[in-house]
Every structure is written in structure tokens, then in C-alpha cells.
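In order of appearance the chains are A, B and C, and numbering begins at 1 in each one.
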Amino acid sequence: MTDTPASGEPRGGSRTNIRDQIAGMLFVLLGAAIAYKARSYTVGPPSNSGAGFFPFYLGLLLVGLGVAITAVASFKHDPDAERFSMHPRTFLGVLLPVVIFGITLVPAGLVLSAFIAVMLSSYASPEVTFRGALLNAAVLSVIVLVGFAMILGIQIPVWPNVLIEWLR
Amino acid sequence: MKKLLVCLLSLGVCSLGALAGVTPAVAQQWPNRPIRFIVPWGAGGITDTISRMYNERVSAILGQTIVHEYRPGAAGRIGMGELGRATPDGYTIGMANAGQLTIHPNLYARLPYDADTSFVILGMMGMSPMALAVPVQSPVRSVADLRALSQRRSLNFGTAGIAGPHHLAAELLRKTGVAGVPIHYRGGGGEIMAAMLNGALDANFDTVYQQNIFQQDGRYRILAVTSRERMPQLPDVPTFAELGNPEINLETFYAAAAPSGVPAPIIARLAAAYAEAARSPEIVSWLQEMALTNVHLTPPELATYIRDWRERWRLVIEEQNIRVQ
Amino acid sequence: MELLNHLALGFSTALSMQNLLYAFIGCLLGTLIGVLPGLGPVATMSMLLPATFTLQPTAALIMLAGIYYGAQYGGSTTAILVKLPGESSSVVTVLDGHEMARRGRAGIALTTAAVGSFFAGTVGTLVIAAFALPLASVALSFGPPEYFALMVVGLIGSIVLASGSVLKAIAMVVLGLSLGLVGTDTQSGVERFTFDTEELVDGLNFVAVTMGVFGLAEIIANLEKHGSVGSEITRVSTLFPTREDWRRMWPAILRGTGIGTVLGIFPGGGPVISSLTSYLVERRVSKNPEEFGKGAIEGVAGPESANNAAAQISFIPMLTLGIPSNIVMAMMAGAMMMHSIQPGPQVMTRNPELFWGLIASMWIGNVMLLVLNLPLVGIWVRFLTIPYRFLYPAIIVFCCIGVYSVNNTVFDIFQAAFWGVVGYGFLKLKLEPAPMLLGLILGPMMEENFRRALVLSRGDFGIFVSTPVACTFLVLAAILLVVLASPALRKKREVAFREEDPA
């Protein structure tokens, strides 16, 4: 479907579209896994389909589409095949704070968790200095406390458990 | 100094767990801070409304604020799991329903709580009987008509989800010779009503309150109710018992519960507070408007009540071979 | 004439000082929670419910309605500014809205959304006032075959949301459909793909998925470019649409409003399908379809009007039948029950001041939102001038709080992080998430109605062509498929694809 007419001059990159090949193969794997797992539910005929019917055939469809994507990708070059660039620092710097926030929220409460998450997230950008991060974390903790906990009053642990126990 | 002592004591209690008898001082001081009330459903809706009606009064009786927390998910099982695991100090209580206590234990091998041992039921807040209705354009006028029709052709029953009370009521009815295929609707009420009116469904069970709204509107005809006695809203509608099927008697319920292990004096005060609220004239008249009934039982009586129901559902679920896993 | 009398009663109720105040509080609060990423009306219940408990029912309903529209308005603001659709219906707005923002046209996009929403809201309100009852009976006549056919149209249509390869877009729709199957199967009660996790029994958390694949992945992508995108966005040329913008915007708003008004009567899915359909139509009728996905103003004006018209129309089931079609309406029903008013058909006759007051306040709420939001556009846009290094930590933290607040569980925060990883993978592999999200929303409804229809017909496939409406939708789906696969359009798409600057 996406076969680019060969008229376009290859703008560098490899002869095959590696990006799409990887995507296609991932679809094949995922589709196969879904179809395999679906077999553990009742599949049944379309007229009397069970819980496994949709996932089974969707899985197979995904396998088929994956094969097609891989095949098409093998015959065409990537229109803009810049190298895969991975920046583990950015990646971790954005997602790690999310995970840590999830871990700390219930025991440590909103304010402390937000502070920690902002500090950690500064790792993602080389532009942020330590003092800048500290300032940002402090300001955001206050915003979060006032905005979410006080004004909107959403249901969320605000202060560390230990502190609450101690004050009691 | 006194505060420090209390603090140390409560810390000690926490670490020793519920087994160690709580010093009377703590029980006497209770409640000296707000009580959390876990609603295992989302905000809004009937569960939330009932809790709020009660807790406004209970909070006045106990002289302490009650804060509602919503833990929706998995038909109430997530919230119940959290309630079961909560520190049994009387500062965390919540709502429990028929589904999690009497039906799910018969369906799921693995629950995040033990319906028998994880909770103490403090009091019944309301019970919701069901009504069997047909669309108003249907020629069916009585349960006997419906039975006759089901012998001529296969009927479609609308339910709000597999193994829910709507579905189990239909299965009970099947035992009396009214056979039908259950059609499950995730959204319940609205989709079912549309299907009833366009003729896709022949009959359905739902709460008396819901069915009565549609009967008053001229969309449904109610054939019978599952309550023990006739409902005041529907004086002309017979109960199934009157029709010779006393086994079709069921109601879902909304109860207040605490995690087991809460000191007995605190349980006693909570149970008394909920009992007092349940008898207040505002609640009594509100329940009646909402077509809810109630029974006034003590915690041990409620435990028996729930065990009996669980056993009844086990039989129905096994006989009809209802499986979800 | 009767209608005028009713409206007069409605306005006299809604224009009382007290009710105006609550409408304003509701709109303000709704806008606020709408612009905070992921934070929905549900999260603020603990504050709102006690209020609705003590307020007069009319005032409570007016406030809740304000929150509902406010959140809708606010949801598109984050979709445009930081690529975070707050509501499922703003997924479509992200495509061209955020692109406009990246091209320094954030202010225009926001103004367009506000104007379109206001117009659509006004028309929607009028339609409710005049035709609520007949429309309700139309909605009731639809059954599983109609819904199934509508979902098929929607799913095929969502392929158009991607600007790259058609094949990859189809694969993403199918992936979304599969993800939608996670959770309890309605017909059999079987828990599928939950891996024994109670938190997955009700399915994936939509907010967590969108946060991950759009929001968090976008932050990573922006930072990888060393924050240059942040400074790129700050080139805010003008806040208000030019004459040319207005000329292009109006037809789209009109069409979008029409589409939303028609499709809004389908409970559930209404707003999403409407905004999607509007996007398809705009792309089809546009003289320059290659602009779509790169900041076409019609791609904001149409879908935004459509989803607001639909959101307004979706009040009909709740007003006329007492059937809430979403959480805010469930709260409204709850507020009525607490005051011993039976939500349902009798409200109109027994409590006319409440019924017509609410309808009048819908329009007043829309006016307030317009007045509130137009000046705010300037402020929102100024947020983009904050250096990105200060902005992104805030977005991360707000996302976490928002996603937690949906079900009050930290599991969903971990889910968002997981989808962030996936979204980053999509970015690297040039897979576009919008079709997947549509699949995720529409898939469960499609499967449910497909299987329900066959249980009802005892396995007879004839049921799918048994009614004219279902037939029409299926024919429409077939036409759409042919059009998508047709060489002419494929060429157009490829032109668009090749002209795209190497990102």
C-alpha cells in the first residue's frame, strides 16, 4: 500500500526500511501472543462466538498486517532514514520520576513525592542546574499542595504517613 | 505529654496488631480524628447516595467527620480488598454489598479478601428488592402468561452483567419453568430499556425503583416483585411468594462494614450509630421513596444472614453452571 | 409558543443571582480541572458532592452542568498546548491543534476551539429545548446491529487519522481493538488478558494510555531535541484568527455542529465518533487536504464543534429518561435522588423549573465559558513562553496526579509509565497513536454489540442488515473502505507523506 514510486531519489539510508521492518515484526509477535492467549478462552464459531473469538481473530489479523508491513518495507527505502538515536538519559529522566512518584505517593504523600519527582526529572535535561531543579521542585510542591490538595481538594495522600502518625 | 502517650500507645497497638487487646483508653478516646469511609464504587450513583445519607447522621451521632473515599473497580472487589487490609482501629470503615460478600466468593477462586473472616458487618443500610417487568406493548399480563410464552418460543432476558443480581434472579425464575436466554448489558438501565422497547428483550429484572420509573412512564409493566411483602409503591403487584414461588425472594443490599479485628467497644458504638441512623425518620422515609427496604439486625445476625445468602447463591450458581473463569 | 413559555420559565430560574453564581463556579471549576492534564470531574467529587448535598437541586444541577462543559472546554486546551487530550473526544483535536501550536498558532487554535464550542453548544441547547422527546425516542430505537455498524464506520474512519502508511494505520487500529479487549467480557464474564490483576478487570485506564503515548512520549521527544521545540513554540505570532482563518473556520464549525447534533444521540461513543466523523469530512471537502495533520484550522474547528454539540445532545437520555450517560450525569441523577426527585421522564412535568432552568443554564454556561476562555487564551499561550525546562517537570507531576485521581490507585501511575515506554517506541518506529486510541475506545462497543446481536438473533447474521439504519451504516463503511484504498486518495496521501519535513 505504501510503495513509494521509485522515482524519488534515495535520500540516503539503507535499501530497506528497517524502521518498518521492526514495526512489522513487532506486530507479528504481538499478534501471535494475543492469538495464543485467546485460545485459552472459548473461541467458537462467529455465530456463537465466545470470549476468545475477537482476540483470536484480531491477533491473526495483526500477524497478517505485520507480515505485510515487513514485506512492503523490504522493497523500499526509508524516506527519511535518520539513524535511530536513543537518549537513555532523557528517556529515564522522564519515566523514572513517574514510577518513583507511584511508589512514594501513598507512604510519603503528595508534597514530598512531587518534590522528589521534579528533582529526578531534572536529570532528563542537561540545561537544568541543581539549584534550578531545587527551586522548581520547591515551587511546584507548593503549587501542587495549594492547587490540588487545598483548592480542588482531590482525594490523595498529602503528607507522609510517618508525620501523620507522629503528630497524632 | 498526654498526646505523646496516646501516640505511643497507638503505635504500640499498630505494631502488636489487632490480637493484643486494646487498652480501654484508646477505645474511649475513639473517635478523636476523622473516619475514612471506603465506597468500593465511583462517586455519584446509588451506593454513594446511600452512604452519604447515612454518614451525615452517623457523623453527627459520633461527633466526628466521616470522609468518603472512592475505590472503584472490579465490581467492588478492589475497594473491599482495601477495606479488609485496613488497620482495624475503627478509623477505616466502608460499604459492602451483596455482590462482593455473597456472590463473588462462589465465582472467583481468588479474592483480595475473605468474605467470611475479613469483615464485621456493622449494619444494614438498605436492601433493594427486584421487580420482573415486560415492555408495555407485550401481551404478557402475568408471570403465568410469561411462562406460557416461554413454552412457545425462547425468550430474551436483559441483565446488567453476568452473575449480578439481575442475572441470578432470571436464573431463579428459570427454575420455575420460565426459560430465557440472558443477554448481558454492561451499561444496564438505559441500553436494556431501549432493547425492551424495540422488542429485542422480552423481560428483565431490575430494582423496584428503576422498574417503577419506567412503569409510571408507561413503558414497562411490572409482573411481580421479589420482596417478602408487597412494596408500598406497587400495592397491586404480587410478590413471587404469593404466586407460589417463595424461593424467588431476593434483594441486593448495602451494608456498613469494618475490617475484622476492630476492638469490640468500637464495633458496638459504630453498630449502634448505624442502627440509630437507620431508624431515624428521614432515613426511613427516604428509603421508602427509593423503594428500598431494610432489616434491623445486629452484627452477629448479619454475619449469619450473609452466610445463608452465600450458600443460596452457591446452589443456584452450581445448578445453572454459571462460570466466569 | 409553549416552547417560548418554557424557555421564559427556564431563564427566570437560571438568571437568579444564586443560580448564576453556581453556574459561574461550575464553569470556572470545570475549566480549571479541564486544563490540568488527566484530572477529570471525577477527581473533584470529594469536594463537590457535599456541596450538591446541601444545595437546592436546581443550583446543584446547574453547577454540575457547568463543570461538565468547563471540563470539555479545558480538555481541548491541554490537547492543543501540550498534546494531552483530557477527554477521549479531544484525541482528534490533538492532531491539528497541537501542530498549530507548534507553528506558533496556539492562540488561534484555542480561539477557534472556543468559538466552535460556543456555537455548537448554543445549537445543541436549542435542539434539546425543542426536540428532546422525539430525539430520545430515536435513540431508543437503535439496537445492537445499528451500534455495531456505527462502530465499523468509526473504526474504518480512524485510519484516516494517520498521515503515514495506510497499512501501519490499520495495524494500529487493530492493536487498539485488541487492547480494548483487556478486562471482563460482558457476555461471558471471563476476565481476559488481566494477568490476575484486579486493576485490569475493568480494562485499561484510557487516561493512563493517552498520557503515556501522547503526553510522556512527547516530553521525551521534545527533550531529545534539546528543548529547541520549547523555544520554537514560544514564537506566538497572534492570538486572534485572521480574516482568512475565519473564512476557513466557519463552514467547518457549521458542518461539525451538524454532525455532532446527529451523532450525539448515540449514548456512549457519541462525542468521539462525532469529532472523528467531522475530521474525516473536513479532510474530504478541503481543497488542501495535505495540510491536515500539519495544523489545518478546519481540523480543530470541525471536531471541536462536533464533540461539543454531541456532548450537549448526550444530556437528552439523562433529561428525558433519567439514564446517565457519563459520570457527571450520574452525579446529577444522584443529586436529584438525594432531594427525592426521581430522575426520569417525570422531571419535565413535575419539576418544570428544574428542567427548563437547567436547559437555560446550559446556554448561559456556554456564554460564560466563552467570556471566561477568550481572555484566558492569552494566559494559556503565555504558559508556553515559560522555558521548557521548567514546564516539563510540571507536566510530568500533573499527569501523575491526574492519572492517579481517575480511580484513586497508584497502579494507574505505573500503567502511564508503561505506556510512556510504548509511546516512545511508537515515536521511534513512526507509528501514529491516534488510530490506536480510537480502536481502544470503539473496540469494546463493537465487540459487545456484535456478539449481543448474534445472541439475540440466535446466530443469524441477517440481523446486521435487518434495519435500514444498520444497512446505511454498513454501506457507508464499505464506501469509506473503497475510498481509502482508491488510488486517487492514496496518491494524495503519499504526496502529503513525502512533503512532510523529515522530523
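FYI, a residue touches a chain if its C-beta (ideal position, glycine included) is under 8 Å from a C-beta of that chain, and two chains touch if they have at least 3 such contacts.
Remember, predicted model here, so these are calculated numbers, not experimental data.
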item	value
Central chain of the complex, centres being mean CA coordinates	C
Chain at maximum distance from chain A, centres defined as averaged CA atoms	B
Which of B-C and A-C has more C-beta pairs touching across its chains	A-C
Whole-Å gap separating chain A and chain B, where each centre is the average of the chain's CA atoms	39
CA centroid of chain B to CA centroid of chain C, Å	34
Distance between chain centroids, defined by C-alpha means - chain A, chain C (Å)	22
Residue list for chain C, restricted to those that touch at least two other chains	45-46, 187-188, 190, 408
Chain A residues counted as touching two or more neighbouring chains	155
Residue numbers of chain B (touch at least two other chains)	69-70
Chain C-touching residues of chain A, taken from the complex the two chains share	1-2, 4, 8, 19-20, 22-23, 26-27, 30, 34, 37-38, 41-42, 46-55, 58-59, 61-62, 65-66, 68-69, 72, 79-80, 82, 84-87, 90-91, 93-95, 97-99, 101-103, 105-106, 110, 114, 117-118, 121-122, 124-128, 132, 136-137, 140, 143-144, 147-148, 152-156
Contact footprint of chain C on chain B as seen in their complex	42-46, 48-49, 52-53, 56, 67-75, 77-78, 81, 107, 110, 112, 154, 156, 161-163, 181, 183-187, 189-191, 193-195, 197-198, 200, 213-214, 216-217, 286, 289-290, 323-325
Chain C residues touching chain B - in the complex, by the definition given at the top	42, 45-46, 49-50, 53, 139-144, 184, 186-191, 196, 198-199, 201-202, 267-268, 317, 321-325, 327-328, 330-334, 337-338, 340, 342-346, 407-409, 448, 452, 455-456, 458
Residue numbers on chain C that touch chain A, as the complex places them	29, 32-33, 36, 39, 43-47, 164-168, 170-171, 174-175, 177-178, 181, 185, 187-188, 190, 192-193, 216, 219-220, 223-224, 226-227, 388-390, 392-394, 396-397, 399-401, 404-405, 408, 410, 413-414, 416-417, 420-421, 424, 428-431, 447, 450-451, 454, 459-461, 485, 490, 494, 497-498, 502-503
